Structure formats: C-alpha cells, structure tokens
Amino acid sequence: MKSIRTLLTLLMAGAIGLFHAQAFAQTIKIGVINTYSGPNASLGDIMDKGMKLYMKQNEKRLPPGVKIELVIRDDGGANPDKAKQLAQELIVRDKVQILTGLIWTPNAAAIAPLATEAKLPVVIMNAGTSSITTMSPYFARVSFTLWQSSFPTGTWAAKKYKRAYIAVSDFGPGIDAENAFEKAFRDGGGEIVGKVRIPLANPDFVPFIQRAKDAKPEVLFAFIPAGPQATQIMKAYNDLGLAKSGVKFIGPGDLTPDDELPNMGDAPLGVYTVHHYSAASTRPANKSFIAAWKKEYGEKSTPSFMSVGAWDGMDAIYQLIIDQKGKIDGDQSMISLRGYKNANSPRGPISIDPLTRDIVQNEYLREVRKVGGKLANVEIETVATAIKDPWKEINKK
Amino acid sequence: MGNLHAGGYSANAALRWQESLPWLVAIAAFFLLPEFLNLGARILIFILFALSLDLIVGYAGIVTLGHAAFFGLGAYTAGILSARAGINDPLIQLVASGVTAGLLGVVTGAIILRTRGLALMMLTLAIGSICLEVANKASSLTGGADGLAGITIAPVLGQFRFDLYGKTSYLYCLAILFVCWWFVRRLVYSPFGASLAGIRENNLRMHAIGAPVYLRMLAVYAISAALAGFAGALLTQTSQFVGLNVVSFELSGEMLVMLILGGVGRIYGAFAGPAVYMIAQDQLAKQFPEYWYLGIGSLLVIVVLFAKGGVLGLVDRMVSRIGKGRRS
Amino acid sequence: MDDFLVSLVSIAFHGAAYGMVLYVISVGLSVTMGLMGFANLAHGVFAMAGGYVMISAMSSLGLPYPVALLVAFIAIAVVSLVLEMLLYSRLYGAGELDQVLFTIGLIFISVALARLAYGTLQQPVMLPDYLRGQFSMLGRDFPAFRVFLIAVSAVIVAGLWFGVERTSWGAMLRAAVDNRGMAQSVGINTRRLFMVTFAAGSGLAGLGGALGAEIIAIQPIYPFANLAYFLIVVSVGGMGTLRGPFVAALLIGITDTACKYWLPEFGAFLIYATTVGILLWRPAGLFGRTN
Amino acid sequence: MTIALETRNLRKQFGALTVADGIDFRLERGARHALIGPNGAGKTTFINLLTGGLRSNSGGIFLNGEEVTRLSQRARIRRGLGRTFQINTLFRSLTALDNVALAVAERRGVAWNLIGRANRHADVVSESRDLLTSLGLAQDADTRVSDLAYGKQRLVEIAIALGMKPSVLLLDEPAAGVPTMESRRILEVLDSLPQDLAILIIEHDMDLVFRFARQITVLSRGALLAEGTPDEISADHRVREVYLGERDV
C-alpha cells in the first residue's frame, strides 16, 4: 500500500512539474534526442557542445522576446524504441515545437510516423542513411548521407586502384556506404575482391581485417560509426601491418573523425578519406569556428563533423524561427527549411535541397598528416561540389 | 507466512480488497494524468512482462537470463505481420505473438529444462543470444540493426485508433494486462500452481511423488513465454516500431531487476517493481543517467543484503509492525 | 590450398591470443564458482578495473607498461579482498537468484563509477614501442603485441598450474573444491582459503583485463558487454577446474575468430549454438564433475 | 500370502565394483520388513534400484506381480511404490498440509488443473488433513514445515509418502537424527500404518528395527547375507561377525 502511495506522489510530482513548465509560453521549446550514455556517449557530448556553442554565439539573432529552451533527452545509443518513446513524450508532455539531434538512423526512422502525425519539424543533425528523409515530410537533414561521401570515394578510388575490399558495419548507413562505394568503384572499372559486414556491436576487428588483408586488395574501403570503433579498426589496420603490405586504407570521414584522431597514435598516417568537414580545414569560416570552440571548451578539445552538423542544425533552426518571427508552425517551418542556405558554414557552402529536404554540400578528399605534431585530416581537393544525395538522384524516376 | 500469494491447498484464493488498488490507481491515472499515458502504457506492458517472468522465476524457481527472447519474438511477430504481411489487426497480432512465443517456449524449454542450476542459466543466456543474432541477421524480415519500421496498427476492434496521446494504447494494454493477471492469479492458486511451488521447493521430492516434473516445468515455461509474447506484441503495437533491443540481454537483466525490486513470487511484486522503477527512471534518469545506475545498483545490493522480498516485502514488514504496535 | 593454410595460421594465432586473454580473465571465476558455489556475474568488473588501473598507472603516474600490469594485478587483488570480506562472504550459500541480483547490482555500480571517473570514451592504451609493429616468424608477420600476449598468458597459465598442482596451497584448494566439508574437517581453514583464492582469481582477472585491453576495449559497459563470454568459458569448461576453462577459452577464441573470418554473416551465432550443444551434452561442462 | 515386491537375481555394477550381487528378495503384502547391514553394504543402492533411481545391469524387479524392471521411476510410483528419504526431503516453505496435498493431488490426478482453485478441491484437502490427523499432526497442518520440530518433520516426510497411497512403502532411516524421545513417537506412527501395506525399512537404530520388524534381511557387500525373524537374526553368528567386526575396528 505504501508503494502505491509513493507511486501516486511521484505521479503528482510529475504533473506539477508540467504545469510549471507551461508558464513560459514565450519560450520556444526544442526537443533534443541525443546520446549521453552507453558506449557512444562521446558522440552525444561533441554534438551537444556544437549546439550550445552556436546558441551562445548567436543569442542576439533571435527575434525580440523569443527565447529558446532545449529539452534534452538521452536515447543511450541506437535505441529506436526508446527514441520513439522519448519523442512521444517530448511532443505530448513537453510540447516541443521542433525536434532535433538524432545521431542514429534507427532512432530517426522510429520517430518518422510521429513527426508526420504531429506535423513536427525535425532537423536531423547526424543520422546518415539516405532513405531517412523520405520517411516523413517533416524531416530535414543538415548532416550528410553516406552516399554523398562514399560515392565520390568510389569514383576517386577507381582512378587509382583496381582491386578493392569493402568492410562496413552491418546497419543502414554501413550498407549505404557499401552500395555507394561499390557502384561508383565498379562504374569506374574497378573490381571488388571481397566484402564483409561487421556486426554493429563488435569487440574485435582483427579477424575481419585479417581476412581483408588475405584477400590481397590494393585498397580497403571501410565504414564504421565515427566514435570509439574508428580507433578500434585503425588499431587492427596497424597491428596487422596492412600499410606495410601495400594495402591502402580509405573510407568516408567517419573512419578518421577529428575528435578520435588523438587516440589513434600514428596508425592513420596516410589514410585517405572523403568527407564534408575537417577540423583542419583552412576556410576562414572554419578557422573562426575552431577558435571559438577552443576558447569555449579548451585547447585539447576538437570538434568533429558531428559538432558541425549540430552547429549548422541550430543555424537552420534559428533561421526557421526568424522566418516565422517566433510563431512556429509545422508546415511553415518546412517551407523555411526547404529554402535553407548558408554560404559560410565551417564546412563551406551548404543548402537544403527543396525537393528532398536533404543536405547539399561539398565533399573533400583528405589525407591524415601530421600538422604541428598532431594528426589532422588535411583537405587536398574538392572531389564533389554542391553534391546532392546520389542515391536519391540515381533512384529518381 | 509473509507471502501473500503463494497459492497452495491451504491458501484462501478469494480476492482481497487490496488487490483492487492497482486497477483503481491505473484508472485514476488515466483521468488525472492524460499526458503520461504513453509512459503509463509502457509501464503496463512491462508489468505484464514482469508477471510472466514471475511465473517462472518466483513460482517455478527457474532463474533465466534470456526471457527477452520471448518478449522479442512476440514483438517481432506483431511487427512482421504488419510490415511484411499487411495484417494490421491488433488482436490477431496479439494472438499470433502469444502462439509463436509459446511455441518457442516449448521448443527451447524442451531443450534447456533438462538441466538445472548454472547450466540452465547459461542455456537461457545462450538461447537468448541466439535469438538476438537471428533477429540481427534476418534483416530482410526484421530490419536487423536498423529496426523494423513501417508498422501500421488498425484500430482495436475496428473502433479505437491508436492516438498520439496514448489513450487507446493505455486502455488497450490495461485490458490485456487485466485478462492476463486474472489468468496468472488463477494459475497461482490452482493445483498446477501448487505443484510448481513443490517443484521450486524440492524437485527431488516432486519426482518421488510421481509428478511429471519436466512436463510441468515445460508447461509453465511455455505459458510464461506466451505471456511475454503478448507483452512484446503490445510494445510493438503501441510504439509501432521494433528494435533489436527487445531481444537483448540487457532487457532480460533489467526485467529481472525490476521484478526483484518489486518482490518475487507474489504477483503484485510484478506490479510494484516496474511501476516504481520506470516512474523513478522517468523522473530521475533523464537528468542523471550515471547516478541512476549507481542508485539502482546500490539499491539491488541493499535489497539482497538487507531487504529480502523487495518493495512488497518491505510493505509487508511495515504493515505487520504497525499491526503489532496496535495490538500491544 | 596455400591460401587456406595461411588463413588457418591466422585464425589459430588470433584465436589463441583472444582465448588466452579470456582464460586469464575467467579462470578466477571458474574457481570461485567451483569452490564457493558463488555465481559472480560481476567478475568482469575486476577485469575492467584492472584495465583502468593500468591505464591510469601509465598516464598519471608514468609507470612503464610491465610495472603497470603488475600494479593492476595487485590493486585488484587487494580491492577484491576487501569486497570479499565486506560483501561477498555474506552471500555464500545464498540462493542463485540473490547471487545474480547482488552481482548485477555491483555491475551497475561499477559501470556508473567508471563512467564518472573516466567518461564513456574507450581508454587508449599507450603500448611501449617494442610491442608495436610486426614480428616475423616462419615467413609471416604477426602483430608483436599479440605474440607478447600469448607468451605472457602462457607463463601465467604455467605458473597457475604449478601453484595448484605442486604447492600445499594448491593441494588445499583442490581438496576444498572436491569436498568442502571434508576439507574443513581435516583442519583446512576454508575461510582463509576462500579469501586468498578469491583475491588471486580477481587479481588475475584484473591482469587479464589490463593485458587484453587492446582486444577487449576498456569502457564502462565492459562488465555487461563481455559477461556472456566469461560465463560461457566457465560453464562450457566446467567449474572448479583449471583445465576446463583453458580448453573452453581457446575453443571459443578460435571459433569466434574463425567465424568472423570465414562466416561473418553468422556473427556470434555459432558460439552460442556450440555452447548450447556442449551444455546439453555435458551439463556440468567439458571437464566439470557431474554431481 | 501375496508378494508385493520381489527382486530376482538383481545385479548392479559400477565398473569393477559390484554393488548389488544377484539379490533375490521378497516383500510380502502387509510385511514389516527391515533391511540392515553395515555402512557400504549397498542398502541405499538397493532402494534406488527398487525405485528406479538406478538401473540394474541384470535381473528383474516385480511390483505386485508385474515386472517393472524397465519402467521409469514415475511409472513405478504410479503402480504403488512409495518411499521416504534418509535426509528430510520436504517442501520446506510450504505448510504441512500442502506438503501432503501435493502428493494426494498427484495421485488423484488433479495436479494438471490450471485454472481451478486448489483450496476448492475439498477431496484433496480433507484427505490430506485426515492423513495428518492420523499421524497426530492435526495441530500443525497450517504451519510451515521448516518451522516444525525435527521429529515432526520426519513424520511429514512419512505423511507425504502415505499421501501416494502406496502398496509398498520404503522407509529410508525414518528415525535418522531424531532424539530418542521423539523416535518413540515415530515408532508409534509406524505401528499404526495400514495393516495391508508392505513396509521395508532401512534403519541403523537396532532398537527400532527389532521392535518394529517381523522379518529382517541383512545385506553385506551387495549380497544377501541372512534373512529371518528378529530372533533368528540376532542369533546368527555371520551377522554378528559382520556387524561387530565392522563396528569394533
């Protein structure tokens, strides 16, 4: 009986908290679904910092009287069912008007029906499977698609190498990366000598990479989620001496995320990746972004492409708030997002494709080199300019 | 005998007034807390899951680390029926989920119930892990690590649409839970339930009085699996999505924890555990995920060392202390 | 054919490295379960803690790698001794369920503490230069670190077997595993034996965790993520033996590696299926005594 | 007299060790028969062979004239073979009534009822209560057996077996560990058991054996050593040799 009384008390406490929150009607509530716990909590952290940095820098851009409140929720990783529940609560209980964050493809996919039903604009800051934006008309993506980076990787690689091996994580983005690279590489006349899909939860990459090595390719293309796994696979690559036996290591930028580079030792030196952002880029917009970041979070902290995704995501959200003068409507927001452009993002010019609501940006070829004693993804050339998601272009009727 | 719902031939099986409390609270919550109905529905689902677990852990004495396999199969059955076969009626899905999970219970139970102790625990873990691998690898059916999307659920009885606020979900889960609770309660107080207690208390003697111990265990294992399958189906129907985590070891473990915190082998422990755990998690864990696990971990250790019987055990002790105080 | 041979060598080598680490971590668990009948699901906590201790010893105290390994062993042995006296000893003879819950509770606590102290990032291990790179043998390159790993583990295994088979402490231990009541009645101080054994087993787990940090990444969810593997080693090998878990660990290490190499599409499926098969065939494990 | 239980040339070996060496044994209906022998004589092995816990290598076992050698433990129980255990084998946290009722319910075949209420099975409940009453445990019916005195627990041990309404009852040291005062009570209970029930008792307490048994079989090293009335056995020099020899060393 006591337990029931406690239960009621708790329920009441929750309800009171809710009324309390409703008192600030002028505030625009933005729900953030992000990863703060579990093995990939570092990803959530670096995105969180990106969002907050933008908000700090741009406080004055908001229309007068409008305030923003972030309602932050932790999905604990690729946890679609949890994400869906959180989204539901954000909509029903917290009455958020915009939803953002979303590192994981499955999580984004899970909330698509909710976004549609609630006409809630969702700005995806990371999840990179191509098909996501087709799942709800209220989805817009500011990050990237795996096709965007892996397709140019394949085209570029086919010019230099003939035999490639593909290793990807076994989930949506990994399969996208595999398909994109394979198509571009084959179209360019290359041969795929083998491929493997590695379980998403995987402790040891060595056997997989050993297998790749034994297949004797000229180049190994790999995609794993940017985070601790990137360091793991880099270690396996180094331990097995692939570089010494002449196997080049390439992939989308998830392979050498800027924030993980310090953990990798010298292993990634000479690895080529294609991506939309490098912290080492010398564009003025990026230089000032990096400076602001270091000032805020310390010299040791490095932003990654995910931080920039978060930063640009907040920019898009600010833009839609400004466009609607603080009165958020689902459909109006989507009109605003469809027209979003920023010529001066840290990653270069970006825009959202009005047709697909997906990101349009440049892709850069980078090599890992030592700059001032530290590893950096040095941009060498722009391999694709204002590229739309190739998957959607290929599958267009 | 502290244990209120032990069943048996000397137990009084009549309903007590306290037993209406969970239902009154549930109905009150529906009217008073309309914004918490989605959470409420999840709590009801996990109560059903805990109830199924209580049958085998608390009443039959089988410690399992892989009960999520049945929950997950139920969830996937409902999801696959909708997403791949276009069968969207919730009640048909529910029945199908119960049947498939029950069948898996029969098949795996037939294998693992030949062993006892650590080997049995390991086998439940291994079979749970196999189910996870299958769900992960059969991605054309299950969506693999990306999860199974594209599920639509038809209105319950053709009338009540699943809404964003979770009204339908809540009442629907409440109704199913009620039916399952009624069944479990009857089971616990039945001769079959008494024989389960016998098996738990002394397996050897049950053999010696000629009881078909293996078949009894198999039966309760299958029943429990089917109930877990129902719970899984409810989760799919209310969230319209199935992720790999429904088959995970973590879920099995967390469920066990909720049940133990509530109190094992007493029906209402399965109510108190998930309710307290999930409400506390909802209120506390969002802000402090680290401290949440620190708290839960410490609580578990304390419960095992000092507070056997979980939340309801504590309530029992308090009630009896107050009773004594009055009498003296 | 040559390719096949090459891959066989690779698999045996990597599988052995992985299996050895699994063994060094799990052997203590096997003995604890066999000796005290205690299902310590939190055994992985000691392995994880060993990893953290080694990393901190190197990065904060600047100790060289071998010393850091030793520190990990000693620190974990001492901490576990304290835990044994304060907590574990209260639960010897308690029901399975209580043991499971208690140790799951310990895992939760340790996961949270690890996260608070070290954050969620996987901790990088700064190996000394002499363990980096390749080691040539029979015309093939092997990662030097893994060669080191196998060698060190082999030494530990040898030492362990010597300790149990040839010393008086080992004789007492074997007697107590065999029949605790009998051992007590002939005057063996089983209480002290438990403590020492528990501490040594946990210390080994700590050492194994530190050694294997390159293979099994040190991160807060470590005790959960690897629990199934530790338990499988123990239950497949058989509790209370040294040989059983050794065979089981190698079997699992090599099977796991072979599956990843040849049949990646099956994932860990075969490991679990093998476990089910072996446990059905011999519920007490390969080398366990049926009671 | 009809024969309730019989073994013919029953043999069991563990590797080179013979634990039952061609035992020919008969238990008559209504018998009060004791099986004695020094430690390691093979008494418990013999019981386990009878109940089906162990399988014999050769020879036959007959229960009420029917061969049961190849039948399972459960099938033998259903044909009327009941037993108690040397070490209490009770449902410790259940009431005495439930302990007995479980057995009664199995015999009456109601234990598969999933939905009906156990306490509404009046036949089971009243039979169990009557049984407890007949053993002088009426007061203790609703007490947890783990809370009962040890002597009473031994009685519940017997009551469970009686709940099966066996035609043959194997009592494995019913008074083991019971203080002398209480063992008298157990003997009273044994004396009051139905006359047509065939009882085989294994016991170390020679007082009890000689007071209770009308027939005694002595087992030594897995083989029958002697059989006869208590007087015959106490006079048998081979028995004395085996016992005294063993005991005095």
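To keep things simple, chains are lettered A, B, C and D as they appear, and every chain counts its residues starting from 1.
Rule of thumb we're sticking to: a contact is a pair of C-beta atoms (placed from the backbone, for glycine too) under 8 Å apart; a residue touches a chain by one contact, two chains touch by 3 or more.
This one's a predicted model, so the numbers in the text were calculated from it and none came from an experiment.
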Averaging each chain's C-alpha atoms to get its centre, pick out the one most distant from subunit A.
D
Central chain (by mean CA position)
B
Out of A-C and A-B, which chain pair has the most contact pairs?
A-B
Could you give the separation in Å between the centres of subunit A and subunit B, each centre being the mean of its C-alpha atoms?
36
Whole-Å gap separating subunit C and subunit D, where each centre is the average of the chain's CA atoms
48
So, in whole Å, the Cα centroid of subunit B is separated from that of subunit C by 33
Of all residues in subunit A, the ones touching two or more other chains:
37, 199
Where in subunit D do residues touch at least two different other chains?
none
Quick one: which residues in subunit C touch 2 or more of the other chains?
115, 265, 267-268
The chain pairs that touch are A-B, A-C, B-C, B-D
Which stretch or stretches of subunit B touch subunit D in the complex?
1, 6-13, 183, 186-187, 189-195, 197-198, 201-202, 204-212, 216
Which residues of subunit D touch subunit B in the complex?
51, 73-74, 77-78, 83, 85, 89-95, 97-98, 101-103, 105-107, 110-121, 124-125, 128, 141-142, 144, 160-161, 163-164
Subunit C contact footprint on subunit A (complex, rising order)
37-42, 45, 196-199, 201, 203-204, 206-208, 210-211, 214, 228, 231-232, 235, 238-241, 244-245, 263-265
Interface residues, subunit B side, partner subunit A - complex:
18, 21-22, 25, 29, 32-33, 35-39, 42, 136, 139, 144-147, 149, 164-166, 235, 239-243, 245-246, 272, 275-276, 279-280, 282-283, 285-286, 289-290, 311-312, 314-315, 318-319
Complex contact set, residues of subunit C against subunit B:
33, 39, 87, 90-91, 94, 96-98, 100-102, 104-113, 115-116, 224, 227-228, 231-232, 235, 239, 265-269, 272-273, 275-276, 279-280, 283-285
